[in-house]
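Next up: some structures, all given as structure tokens.
Heads up, the next two complexes both have chain A, just with different partners, chain B and then chain C.
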Partner chain A sequence: MEQRSGMVEKRGMGLWLTHGFMITGVLIIFFPIWLAFVASTVTQPEIVSPPMPLLPGSHFWDNYKTALVSGVNVPVATMLMNSLIMAIGIAVGKIIISLLSAFAIVYFRFPGRTIFFWMIFLTLMLPVEVRILPTFEVVAGFGMLNSYSGLIFPLIASATATFLFRQFFLTIPDELAEAARVDGAQPMRFFIDIVLPMSRTNIAALFVILFIYGWNQYLWPLLITTDPEMNTIVMGIKQMFPSGDDVAEWPVIMATSILAMIPPVIVVVSMQKLFVRGLVDSEK
Partner chain B sequence: MEKRVTFRGWLLPLVLIAPQVMISAIFFFYPAGQAIWQSLFIPDPFGLSARFVGLGNFEFLISDKYYRASFITTAVFSLLVTLCSMIPALFLAVLADRLIKGSGVYRTLLIWPYAVAPAVAGVLWLFMFNTRVGVVSWYLGHLGYDWNHVLNGGEAMGLVVVASAWGRISYNFLFFFAALQSVPRSVVEAAAIDGARFWRRFFTVILPLLSPTAFFLLVVNIVYAFFETFGVIHTITAGGPQQSTTILVYKVFSDGFVGQDLGSSAAQSVILLFVVGLLTVIQFKYIEKRVHY
Partner chain C sequence: MANVTLKNIKKSFGATHVIHGIDAEIKDGEFIVIVGPSGCGKSTLLRMVAGLETITSGDIFIGDERANEKEPMDRDIAMVFQNYALYPHMSVRQNMGYGLKIAKLPKSEIDAKVQDAAKLLQIEPLLERKPRQLSGGQRQRVAMGRAIVREPSVFLFDEPLSNLDAKLRVQMRLEIRELQEKLGITTLYVTHDQVEAMTMADRMIVMNGGIAEQIGTPLDVYEKPQTLFAAQFIGSPAMNIFDAHIEGGQVKIKDLPIGPAQSRDGPVKLGIRPEHLVKTSDAALNASIQMSEPLGANTLLHGKLTRFDNIAITASLPGVHLLETKSFHIGFAVEPANIHLFDPETGRRLPV
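Entry: the complex of A and B
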């Protein structure tokens, strides 16, 4: 962040007031997460006789161990693993196929190129929620229900990343390709030695965005993972609520909620710069 | 824009685009085509055959009072989510922009909710407002307000709106903050020298310069409210009570998967497809033009 000082920034009382408002805002926004954390460290009786405490209790390990090892329908460790495979599969899969096809449409003239380009544009517009039923039938037809490929492929079908890489490749100076051609380099050499290293930051930024996109999916895993062993953690939390009048196991459910948000929060906070860049890029 | 320098050959590029074309064709274009095709038929109750009805499914939807109600619910919901996420975000961004030191720390903290999945956000808010164990509903009860989103449609709507807007505040904050940082200092200081106080500077100088960002966020947030809030609604209210939180995307799911009304669900998908198309066109058209004032 650039350092600035001028006459329009606040000093003295005004500065403290600004910090005060800011801290209040952060506290309000953090409250739901804090409460979930507190709930994950106390016992069930403490929660079901309201009001529950607002400071953490001493059952942190008990609740997290129960969640990870036994869970409600299936150990949360299993769901975490499924989510991890799904999120990484989506991020890596989409980046690879997009890099290849963006390279093809930017650096080659081939029959059908224009049609292909319009295909990309069309897929930008349609979220998976809209074509959900027929997609479900296709996946069921392939026998891909309750499988990782069923979780991953339909979510990498849109060409958003291709579009982004295309935009970026267009900014690579023509002289580089020219030089490679004069030297008699094969296109794939050029791709591996020049284009890939230059795209490093874009690839990383996109990875952050896609990882979170994949991790946070709800409707799709809900439909195609009927076997609890294949549940992802984000959709699995809802499955932990009992049907009917039984009381939910709140400490375990809240521990699971905290576990479900840790990986994406770590990714976002530790790669903040890349993440912000990825956001701005992917919305352009 | 096109490259002047390209490589020769047509086999290699076709091989390179093959994976993308295959995956898009199988999991995108075929299902999208199916949705359009199915919207023209009514399947018999046993799913063995389907009767061609042309635009019959659409005609039925337009005259269906539940579908029209869902349209209005969606409009109210997206408007509220957009307002509840943009206004606090702008406020926080203005505050952060006035700080020379420490804004980085606040930014790091404020990003958190963005990483929380909508469905998980739904569980967190459900927990706070749960009619039996919720802390907030308990304190509300002590203040004499009887909170019950399970029975009261308005309260249910309020809860799903807040839970959906919550994570979005982070997103909007990042964009507003970046936009504020790029407002030229000289312009703001010139206004200050002319004697404009903070709020006057804000409304006459800064806000107009933020309008492209604000418009972009408006469209993006509406798209979010339409399509990405399924998890929130499914975890908190499941569309109820009496369909008061059944937004269009939720209805595609509940009519198609729960109600098994395939023709109607497909027709609803097609209508949504037009809505997305429209929003995308608006987005491209106006954001390219850079709305100022």
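Entry: the complex of A and C
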């Protein structure tokens, strides 16, 4: 009996300790976000006069309205829309392209199949930044600067997603493809009726990852959008900082930062269930 | 409804020859079991009939049409796979109706056919379930249902019962046979289980190493195996094979005469089925028994022929025989009508 109560006590201690560490960790990570939020609810003079306020002020609506409607260079609503179009375009495009290329690589025997696969695989090792100059040349040559296509197309092919879908397709039993063949399904019919529905959790998981990847693009939009109307929000925040002696409008900039965080959070939270399922189990 | 004719079918994967030329005439409505050990090419043969493997040389006729280059769906066949290959995201109803949906049948007709097949297989209550909510036996039924709804000319089964437990296997064996008789559809059924082959087949094709050792009715193969391989593969426990020779119209193991033989003098392989050995007191084949496996109705005895270099022998005697002492001796005899002789070189059957 004593032994057991001792163990319960110990476990209780451990529980408190782990929780203590976790709460400390969360507080450390959350603190800057809290500061940004506080800064977005007060007035400019309140921010610049030390000590910095730690509790929200009363100008929440004013600041957010200013940010959304007028912003600094361009209304934040426009930038949010640009980011949304770019992130969705990249995520959806990447998924479609990599699904199709993985399908080709796994289910069709054509000359150079392995070479193509390894070429795709090799590009995994080249981040956007490495090929950014030639890509810029190409995009500029096509006249796609300051356009949605310029924002989306150079980032639309994904070796990672192709690779992941390939790995998933390889786990689909061959017999399923053969059964579909006996049932009379042509390859694309098999793809749409069998392969796509079976990959839906993987697609959801990838959509979340790729949406955030697209949303967080900084360098590429910075290079090709000179027109403020085409700014995306992540790079737009930087553009809000004044050059020279102008005064930074911190409350508006902070409101923009908070606004920039909301869509990815919505995507992650709303797709969390599918996302986790896609990463953990494979339904076969 | 269709005949299936295989004419000198060969298959190689690159330089590896897997099937060395198989001929078979399968009559309309016949139940053919292709049986053989793993790697004998039986599944490959079935898949060539299905159109899932290309044919290296030879011809396949389904009905009266040459089918070599036809796509699986144009061959008027339906196939049941070893792992059932049910589409995991579709309900049983969708699984069964998928082929018909692709064939662009009207929805009402699909529903009616699926309903009929489900009734036949007694899976009506399962129609809205997903495959993962079904047991092995139920999945097996759904896979058969998917084949039935298409009303094909030929059914192809690729080891469909190998994933089921023993009891269910016996039950499904009967059901498949019953169903095939009811529908009268020509069937090719691949298995490695000789019991399935014996019980289900109208005729069986015994395959080994890419050739057909024997094509015949189960009892034909059992009573008159044409090759040494067929003799040993069909029948459980396997046939005893002894090195023997013919001398003056008598088969002899060493100097012990076993029975009369018509072939000319020389060495032969002598085959005796375990169930054809009878217990006798005059010590003809005298065996020292090492192990006894009582099965209830009969007992399997494993021993060695003490007089003949301790050759292993297996006998199946009716009733219960337990090993009373460590060295248990028993004398066996065999009816001359129950012996099989094979050419030691070619493995072909010799007349007794």
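In this section, the second predicted complex is superposed on the first by the 255 of 284 C-alpha atoms of A that agree within 3 Å, B and C clash if a C-alpha of one lies under 4 Å from a C-alpha of the other, contacts with A are read in each partner's own complex, and residues count from 1 in each chain.
Convention: a residue touches a chain if its C-beta (ideal position, glycine included) is under 8 Å from a C-beta of that chain, and two chains touch if they have at least 3 such contacts.
Remember, predicted model here, so these are calculated numbers, not experimental data.
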Joint occupancy of chain A by chain B and chain C, clash or fit: fit
Which of chain B and chain C A:Arg181 touches, first, second, both or neither: both
Contacts of A:Ile105 with chain B and chain C, given as first, second, both or neither: first
Comparing the two partners chain B and chain C, which touches a greater set of residues in chain A: B
Touched partner set for A:Arg189, first chain B, second chain C, both or neither: second
Contacts of A:Ala39 with chain B and chain C, given as first, second, both or neither: first
Which of chain B and chain C A:Glu137 touches, first, second, both or neither: first
Chain B versus chain C as contact partner of A:Pro197, first or second or both or neither: second
Touching partner for A:Met271 - first (chain B), second (chain C), both, neither: neither
Shortest CA-CA distance between chain B and chain C [superposed frame, angstrom]: 8
Footprint overlap on chain A, comparing chain B with chain C: 178, 181, 283
Residues of chain A that touch chain B when the two form their complex: 1-10, 15, 18-19, 21-22, 25-26, 29-30, 32-33, 35-36, 39, 47-48, 50-52, 54, 96-98, 100-101, 103-113, 116, 119, 122-127, 129-135, 137-139, 153-154, 156-159, 162, 170, 174, 177-178, 181, 187-188, 190, 212, 215-219, 222-223, 234-235, 237-238, 247, 250, 253-254, 257, 260-261, 264-265, 267-269, 272, 275-276, 279-280, 283
Contact set on chain C toward chain A in their complex: 50-52, 71-73, 77-79, 81-83, 85-89, 98-99, 102-103, 132, 146, 150
Residues of chain A touching chain C in the complex: 173, 175-176, 178-185, 189, 193-194, 197-198, 283-284
Chain B - residues contacting chain A, complex: 1, 3-7, 9-10, 12-14, 16-17, 19-21, 23-24, 26-35, 38, 88, 91-92, 95-96, 98-100, 102-104, 106-121, 123-125, 127-128, 132-135, 138-139, 166, 169-171, 174-175, 178, 181, 185, 188-189, 192, 201, 216, 220, 227-228, 230-231, 234-235, 249, 252-253, 256-257, 262, 265-266, 269, 272-273, 276-277, 280
